[in-house]
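To keep things simple, chains are lettered A, B, C and D as they appear, and every chain counts its residues starting from 1.
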Amino acid sequence: MTHYDQTDTLEARDLTCIRDDRSLFSELSFTLKSGQVLLVEGRNGSGKTSLLRILCGIRQPDEGHIHWNGGDIYRLATGFNAVTAWVGHKDGIKLELTARENLVFARSLGTPSGLDIAEALDAMELGGFDDVSAINLSAGQKRRLALARLLVTRSPLWILDEPFTSLDTHGISLIESMINKHLVDGGMLAVTSHHTVTLDSNDITRINLSA
Amino acid sequence: MNEFLHMGGYASYVWSSYAIALVVLLANLVAPLRARRKLLTRLAQREKRAQRMKR
Amino acid sequence: MKPATLPQAFSILLRRDLTLAYRRRSEMINPLLFFVLVTALFPLGISADPALLREIGPGIIWVAALLASLLSLETVFRSDFDDGSLEQLLLSPHPLSVLMIAKVLAHWLITGLPLLIVAPLLGVLLNLSTAAMKTLLLTLALGTPVLSLIGAIGVALTVGLRKGGTILSLLVLPLYVPVLIFAASAVANSDAGLPVSAHLSLLAALLVLAISLSPAATAASLRISMS
Amino acid sequence: MLRFFHQLASPKHFYRISGKWIPWLGAACLAFMLAGLYQGLLVAPTDYQQGDSYRIMFVHVPAAWMSLFIYMVMAIAGGIGLVWRIKLAEIMAISSAHVGASFTFLALITGSIWGKPMWGSWWVWDARLTSELILLFLYLGVIALYNAVEDRRTAARATSILALVGVVNIPIIHYSVEWWNTLHQGPTVTKFDAPSIDFRMLIPLLLMAIAFKLFYAVVVLLRARVEVLQRERNTSWVKALVAEHE
């Protein structure tokens, strides 16, 4: 239903990230095309999260550039934000709001995907929790609610930081199938994960930051 | 000479102002110099420690 | 499907913050109680002489308003930072400075406006004349939004810091001085029957300046603290 | 052109060049200061009104000028560092904060000492002194923010924004304090103007002003060099320097 433009490309050139005057990584270059996955691995503190935060534009690289379809993502700014969906360590949901209210707000911060709230909640097996205040959800349910924003918005580029944290095996397979569908639709994914990620796509570029 | 020091009766005001000015200026001059020396010795120790760890 | 238009996103964010505040109603009362309590302390500390209170009343109320607004500033970004929704705001397809206006407007409606509602009570406590009371409300109406707008810059700069609150007052209070001076002197003047149009127009000028400049500064500060 | 400027501003290059400049600047500063002191304390005539206490002006006024001047430099350098992301501009901005605060503090202290014989009290809510006091809080805010943020780069960029916000507010604060001052005390006795400026009083004032500017240049370069060493401590040229230093 949400078919993405097959020619989308995200190109990173000579990325360098410095923390406490020590470079976490330098001269990092890669290209991500439609349907491809970038898997970022490495020990804790090796800069996995920093790399993803640079990719989505929250943090600026100390050196190097990132281009989306040829345009520098800092010049594109809100244009690039419109095609990107970010789920970080924190869920990004308000505990005092209900599941539906959280998703309505998440949808207003992106391009609506046409999937309505109830359908998105069902897809995340949160059906019936529409009017439950998020504070009463379990950690796994909150994580799935956070990931549900990916269904209510249409973003070719998904950037997920440890998406599987606090998910049980059933939850993990649910998310993996969602990702597979996204990739089949021509979407792209940059992800970090300690769990082994079993995805159908064989087009996975691996970057190990503590190599 | 002591008439000069007397400053027409305002000696304490004038000289205290100039003394404070001197102290403030010197403090600003000494601080970075001391900081540089402290940093260099700290970096030297760090270098020594790195050497020892490598062996 | 097109992304939500800017006005839609603006109103959704504004409504979200107001709903959140409504669901944490108890917290909304704190700045108000602080405002009344601080004002009530001054007569105890100085004297109950009505004439004296009437003279220093405007200054007391305005200093208390300043401190109450400072106290409530933390809530503008604190909870969004803790639960991660601040990152989502930064990555929205809408200009961040406009979203900042929504955040600050919500903060003003939640904490600034109630000060106006309580002010007459304090006016009575400090024996202000009706003319002074009227001007007090006018200056609060013009001045408290400026406090929220400038305060938002300070909060954006200190949101990531563990003990951000302590230095927030040091960053923001010096910038509040012009508002305090024009507002308090306006109320004092009207008490003495003098014209206050100059003071109010200066306050209005500060408000226009704050509305045009501080959202962009707040957005830039947020991007830096979140990076 | 910017590419060239970016190259020039390479930390290693800056460290070497500033090392050469500092002795000359220091000597010039000393020369001007001695000349200023000589002119101010010996040559300038006694003022018929204030006697010799007005000589405090030769420290107070240049310090007040410097406190404003350095804040402007800090804001501009910070702005450049933010917009063009030039590391050196950030370093110059933050290296100016402490010396700027010191000059502001000096202006306040000497102002209050100068005021004592004239008005009989150590502090008078005079417009200029009050603005100077608020400026001191602005400086302390910048320094406090820089120390509160862990990551050096974020800290430098946060303080640059604060300095820019501050510099926009300085004229507004100054105007509102002037307005407030005329409201309460009237523009009479507390005017801080120097006594009828006799030409021989103007010379020391300018000499001291130049001396203070040179002093600022020396101190800001010294502090910037320490900051550069700190930030570049993992580079080979700093490691070589450290080895040399032992």
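By definition in this document, a residue touches a chain if its C-beta (ideal position, glycine included) is under 8 Å from a C-beta of that chain, and two chains touch if they have at least 3 such contacts.
Note that the structure is a prediction, hence the values are computed from the model and not measured.
Student: Give me the ID of the chain with the smallest distance between its Cα centroid and the all-protein Cα centroid.
Tutor: C
Student: Based on CA centres, what chain would you say lies at the far end from subunit B?
Tutor: Measuring from the centre of subunit B, the most distant chain centre belongs to A.
Student: Between subunit B and subunit C, what is the gap in Å from one C-alpha centre to the other?
Tutor: Comparing mean C-alpha positions, subunit C is 42 Å from subunit B.
Student: Quick check: how many Å separate the C-alpha centres of subunit C and subunit D?
Tutor: Here the centre of subunit D sits 32 Å away from the centre of subunit C.
Student: Rounded to the nearest whole Å, what is the centre-to-centre distance of subunit A and subunit C, using the mean of the C-alpha atoms as each centre?
Tutor: 36
Student: When the C-alpha atoms of subunit B and subunit D are each averaged to a single point, how far apart are the two points in Å?
Tutor: Distance between chain centres, rounded to whole Å: 17 Å.
Student: Any chance you could list the residues of subunit D touching two or more other chains?
Tutor: In subunit D, 230, 233 touch at least two other chains.
Student: Hey, what residues on subunit C touch two or more of the other chains?
Tutor: Touching at least two other chains: 227.
Student: When you check subunit A against every other chain, which residues touch at least two of them?
Tutor: 60
Student: All pairs of touching chains, please: list them by chain label.
Tutor: A-C, A-D, B-D, C-D
Student: Flag every residue of subunit C that touches subunit A in the complex, lowest number first.
Tutor: Of all residues in subunit C, those touching subunit A are 1-4, 8-9, 12-13, 16, 19-20, 23-24, 79, 82-85, 87-95, 223, 226-227.
Student: What part of subunit D is in contact with subunit A in the complex they form?
Tutor: 85, 151-153, 230-234
Student: Please give the residue numbers of subunit D that touch subunit B in the complex, ascending.
Tutor: 41-42, 46, 51-53, 55-56, 59-60, 63, 98-99, 102-103, 105-106, 109-110, 113-114, 116-117, 215, 218-219, 222-223, 225-226, 229-230, 233, 238-239, 241-243, 245-246
Student: Can you tell me which positions in subunit B touch subunit D when the two form their complex?
Tutor: Counting only subunit B, the residues touching subunit D are 4, 7-10, 13-14, 16-18, 20-21, 24-25, 27-29, 31-33, 35-36, 39-41, 43-44, 47.
Student: Going by the contact rule at the top, pick out the subunit D residues touching subunit C in the complex.
Tutor: Against subunit C, the touching part of subunit D is residues 82, 134, 137-138, 140-141, 144-145, 148-149, 154, 157-158, 161-162, 164-166, 168-169, 172-173, 175-177, 179-180, 183.
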